[in-house]
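Below you'll find the structures, each written out as C-alpha cells.
The following pair of complexes shares a single chain, chain A, combined with chain B in the former and chain C in the latter.
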Partner chain A sequence: MSVSKLSKEQFGQFVDAMLAADRKVIGVVAKDDRFQFDELQSASALRLDYDVTILPPKKYVLPQIEPLLQFEVGGGAQSVMNYEPMILLGVHPYDLVAIRQMDELFSQGEYDKHYMDRRKQITIIACDIARPSKNIFASSMETAVVSDGYDILITDIGDAYLLDVATEKGHALMSYAKALAPAAAADIEKRQAIQEANRTGLNKHKLACKPSYLPKLMEKAYNHPVWLEKARLCFSCGSCNQVCPTCYCFDVQDQVNWDLKTGQRVRCWDGCLLENFATVAGDHNFRKDRASRFRHRLYRKAKYVPEKIGGQIACVGCGRCITACVADIANPVTIYNRLMEEQNLG
Partner chain B sequence: MCDCCSEQKDIYLPEMATITKRRMLNGTELFMHLEMDSGKELEHAPGQFVELSIAGLGEAPISISSSPTQKGIELVVRNVGSLTRAIHKLEVGQKIGVRGPFGSLYPIEQAKGKDLVFICGGIGLVPQRSFIRYVLDNRKDYGKVTVLVGTKCYDMRLFREELALWSERRDMTLMETIDEAHDCWNGNVGVVTTLIPKVESDLPKSVVLVCGPPVMYKFVLMALAEAEVPADSIYVNLERRMKCGVGKCGHCQINGLYVCQDGPVFRWSDLALVPEAI
Partner chain C sequence: MTKPRVAIFDFACCEGCQLQIVNLEEEILDLINVVDVVEWREAMSEQSHEYDIALIEGSITRPEDEKRIEIIRSRCKILIALGSCATIGGINKLKNKFDLEEVKHCVYGKDAHMPHLETGMTKAVHEVVNVDYKIHGCPIDRKEFASVIRALLVGKKPVIPDYPVCVECKARENICRYEYNEICLGPIIRAGCGARCPSNGFRCFGCRGYVDNPNVEAAREVMDKYGLTVEDLRQKMVLFGCGQGPTV
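And now, the complex of A and B:
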C-alpha cells in the first residue's frame, strides 16, 4: 500500500506498543551465539540484524507438536481449533517463500482447516536480510528478496527502518506506530540498493543452473552414484528435515493424559530421512536404504513438491541443512552442481 | 462440496461407526461389518480405503472389502500392532472411528465388456473382493471373470465359505493355490504365479487386477509380461503407510505419487517412470 519510515527508536516503541496492548509477538532473539524465533518480551531483545535462526518460523505455522483432536479414550473425539492471533516479526524472505509454499500445500486439494485457521491468525512482518549467514544461498534460489506474500516488509536503512505495508492486516498494526513518516525518495533508493545487493549477494554456495531447471535435471539423476556416496555417511538423524523451512511431513499420534481417560490426537514433525518413515505394518520398510531416503529428500525439494505447486522449487536456500548436518553431506547445491557437471559431460 | 463447506470440515475428525458383525477369518484376520452412526452410507468405490481409529491408540489405513452395492462396509483387520490388537477385542455393538473413503478406484468403467482376471496374494484378496463383489452384482456389464487366490498356508485362507460359493458359480472361475502342501488340501500347491498359465481368458485382451504382499508384484508382473498382457491393462493395488489419507503427511509417497490420493489402485503403465513402486 505505502512505504513509511520509523527511526530505530520509534520502531522499538512500535514493537513495545504492540506488546503493551497484549499482542502476542514472536520475534528473533539471541540464543547463545545463534538466533531463534521466540515470544518477545520487549523490543530491546529483538535482533533484526540476525543472520539465520536455528529453526525456521515454520514452528509457528506448523508447530512441532500440535493437537488436532481431543478425545475420551476409546470414545468420541472433537476438533481442537482455538488459534490465537500472533505477529511473526523478522521473517527473512527465504522463510516467507517457504511459508507461502506451505499455505498452498495445506489449502490445495483437501483443505487443512487446522493449518489454515492458525495461519489466518498470523500477521507476518518480514524483514530484508541485514547480515548473510555462513551457508546462505538464497540468491541462487531466487528467494533473497520478495515483493509480496508479507503483511509488512521492513528494511534497515541504517538510521531507520522502512516499512512497506502491503495488506489490511499489516495496515491494522500501524495504529501502534507513532511518528510514522512517509519514506523520502532517497530512502526508497537506499532500500532498493539493499535489495539489489541481496538479490545477488547472498550466495555462499552457487547453484550452477537456474532453480527452474532443477526438475528437469532430476529426470536423469535417479540412478546417479552420488546418492550412495553421500548416504554412506548419513546417520539418518533427520536434522536436515527438522531445520528445513519447507519440510512439512508429519506423523499423527495419540497421546493419553495421566488420567488414562482423556487425551489428544496430535500431529508432530517427522522426517523422510528417519529410518522408519516408510515402514508399514508387518515391518516392511519401503525405503530401507539410507541412499533411497537421502535421494527422496533431494527429489522432494527439486521435483515432487514443485510438481504440486506450479514449479516453485521447495528449497529456499537458507542453508540450515548444511549447518545442521553432522556428516556434512546435506548441501543441496553440491549435489545439484555435481549432477549438472556430469550431465554436461554426458 | 463447495469451497465454503469444505473449509468448514475437519479432515482429521473421524465419524463414529458401530460394529454390526464380526468373526475371525483365520488366526490373525478379523472380519467386521460396520454401519455409520450418521445412518448414511460411506459411498465408497471399489478399491478405496478408510482410516480406522480407536481414540488413544491411533489410526490405520484399512482397505474396504465390500462393494458399494452392499449396505454398510466390510473390513478385514490383521492383528499386527497395538491398534489392531485392540480392534480385535471389540465386540458387536461397540464403536470405532472411521475417516474416508480415500484413494483411487478400480477401473469400473474402463473394464466394462472385458474379461477380468483378479490375482490375489494372501490378504490382497481383501481389497480385490470389493471389486469382485461389485462385478458379480453387475455381472452382465463384464466379460469372463477369473479369480486367482494364492495363500501362504492352508490355515491362513480367507473367506473360505465365500470362495466355496464362488467356485460353484458358473459365471466365474475361481482357482486357488497354497504355497505349502497340507494334509487337508487337494488343490494346487505353489505360488499364485503358477495359476497364471491356467487362465482360460485371452490374457492379452483381459483386464488384470493384482493385489498382494510387496514381494509378489515383481513375479506376477514378470509372468504377465511373458503372457503378453499390455501394461495399460494391468492394475496394481499398492500398500504404503497412508497416515493422513489426504495427501499431506508424506508417508505414503512413491516417488512423486501419493498412494492415498493417486492410489492405492494404479494402472501399471502409469508407473513406468516410478521406480519405487515395486
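And now, the complex of A and C:
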C-alpha cells in the first residue's frame, strides 16, 4: 500500500487526463441542489464535497434495466455480454461496503455472470466523506470508513488529495497522474484525523446496539406490533428499495420485437415493498399485506442477507431511505431501537 | 397465419390517444405489418363490423354511446380501453360533480338542449362493458401501447404496472416534490409514464388513475408533515380522480 499526494489542481488534471484518454469516468455531479452519479465530461463538474447522491452507484453495477439475452421465439438464445471498462469516481465508504456485499451475493451459489463480468470492468475510486448528509448514520453501522475494497481511496486534506492506491487496477490508473508525490507523515496524520472523526461523527441517527447484534434482535421481533403500526402509512411505492445501495432484487421480463419472432430478456430493478413483488404464477401473492412487505425489508437488512454473507448487515447507514420516504416511516434506526427498547423491557 | 383484425373507436375524448398511435411514425408500418386495421376514423375512411381487437378511446357519456359500446363489445374478442377517458373516465368525469343542467348550459349555452347534446353522467368504459386490458395515461405512452399490442399478438399477458409513479420517478433521480413541500400524487398513482411530469418540473397530476390498492389514508395523513392540508390534496385529486375509487 502506498499513499500519494496530488494538489487539487493536479487531481483535476489527473481526471481530465483519464477523460482525454477516452476512459469512461462516472463521477458525482450536482443535480439542482442535490447530487448524482453521472458520466463525467470534465473534472470541473466533479463534486467530491458532496454529501450523498440521490441514487447510489449501484445503478452502474446493477443497471436499472439490463438486457440479459436475445432470443428467437421457439429457437435459440444468445447472452448479451459486452461490458465496457468504467471508473466509478467518488464512491463513499458506505456505498463501497454495499457494492462489496453485492459482489459476494452475486458470486455465491448461482454465479451471476452478467453482474460479475460487468463488475470486473469497473475500477472504484472511493473517497472519504467530506460532508455529512442530513440522515447519515454510517458511524452506527460501522461503514463510515473503509480500509479495503477500493482500488484507490482519496481523502481531501484541505489543499490536496491523498490517494491510497490499493490494487493493480488502481495502479494502472496512476499513469494518468502527473507530479505524484509521496504523502508526508503530516499528511497521513491529517488523513487519520479525518477518518477518525468520520468513524464516530457521521451519525444523525444513533443505533442503540452494535450492528452485529441485529440478527439476534430480529429473532424475537417477527410478530412485533411495530410492523403494522408503521405500515399503516406505507404507500408501497418502493422508494426505500430504489434508493437503497444494498437492495438488489430484480424482475425479469421478455420483450418481443415487431417481427413477433425475436426479442430480448431484460432484468430491471424490483422492490420488496411493491404490492406485486411476491406475486407468482396463478396471481398468488404470498406477501399481500403492507405490513408483511414492510417487515420483510427490515428483516432482509438485519437477518436474511447477513446469514448469507458472514454476518455483515445489509444496511450501510447512508440514510437515503429516510430522506426518500414521503410518509417518514422508513428509518431503520427508529425501528431497530424500538425493538431494542422493548426487548430490554421484556 | 391470418393477421388479427383491429378496429379503433372513439367516444368522449380529445382523440389525443389515437394521435399517439399515429405518432408511432415509422413504427406504424411495423404495426400494420402484424395487424389488419379495419376501422380507424382518425386515420382512414374504411369501416368494418368484423374485428378481433377493439381499441376504445374516450368515456361513455350518452345513452346512444352505451348502446354503441355494447355492440362493439359483442363483436370483438379483446377490448382494450385506451387512455384516461376510457380507463378511468378522465377529466370528463369532472362534470359528475356538478348539476348536469348547469354543466350543459355552461358548455353549450343556448344549444344546451339540442338532441345530440343530450348527455348523462360520465362513465369509464369498464362501467358499461367488460374491459380486457387498460392502457393508461393522458395521453397514452406510445411505447407502452406498442409493447402491449406486441405482447397480445404473441399470446402473452401484457405487463401493465401496478406500482406508484415514485418507482419511475426515483429511477430518474428526480428530487421528490414533497422535499419542496409540494403535493404530488405520485405515491398513489399508477406508473408506466416514466414519471414524465415530475421529470419536467411538475407534480404528478394522476392521469393514469390510482394503483389497484392506493393508500389514500397515508396521502391524507402526510399532509400535515409538509405543512399542507387535506383540502389542498382534495383539490389536486379532483382533476383525474372524480368517481374512481377512494377519495379524501
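Before moving on, here are some points about what is shown:
We take it that the second predicted complex is superposed on the first by the 339 of 346 C-alpha atoms of A that agree within 3 Å, B and C clash if a C-alpha of one lies under 4 Å from a C-alpha of the other, contacts with A are read in each partner's own complex, and residues count from 1 in each chain.
Operating definition for what follows: contacts are C-beta pairs under 8 Å (C-beta built on N, C-alpha and C of every residue); 3 or more make two chains touch, one makes a residue touch a chain.
In this text the structure is predicted, and so the values were computed from the model without any measurement.
Number of chain A residues touched is higher for B, counting chain B against chain C.
In the superposition on chain A, A:238 contacts chain C only, with no contact to chain B. Touch criterion not met for A:200: it reaches neither chain B nor chain C. Contacts of A:73 after superposition on the shared chain: both chain B and chain C are touched. In the superposition on chain A, contact of A:175 is made with neither chain B nor chain C. When the shared chain is aligned, no partner comes close enough to touch A:2: not chain B, not chain C. When the two structures are aligned on the shared chain, A:64 is found in touch with chain C, with no touch to chain B. Contacts of A:256 after superposition on the shared chain: both chain B and chain C are touched. When the shared chain is aligned, chain B comes close enough to touch A:299, but chain C does not. After overlaying the two complexes on the shared chain, residue contacts for A:278 are found with chain B alone; chain C is out of touch.
73, 253-254, 256 are the residues of chain A that lie in the contact sets of both chain B and chain C, per the superposition on chain A. Note for the complex: chain A touches chain B at residues 68-69, 71-79, 81, 105-106, 109-114, 116, 222, 248-254, 256, 263, 265, 267, 270, 272, 277-282, 284, 286-287, 292, 296, 299-300, 303-304, 307. Taken together, the chain B residues at the contact with chain A in this complex read 6-14, 16, 54-60, 78, 80-81, 84, 95, 97, 213-214, 239-241, 243-244, 246-251, 253-256, 261, 275-276. By the touch rule above, chain C contacts chain A in their complex via residues 27, 30-31, 33-34, 146-147, 150-151, 153-154, 156, 159, 162-164, 166-167, 170-171, 173-176, 178-179, 186-188, 211-213, 215, 217-219, 221-222, 225. Put simply, chain A touches chain C in their complex at residues 31-34, 36, 54-55, 64, 73, 232-239, 242-243, 253-258, 260, 269, 271, 274-276, 290, 323-324, 326-328.
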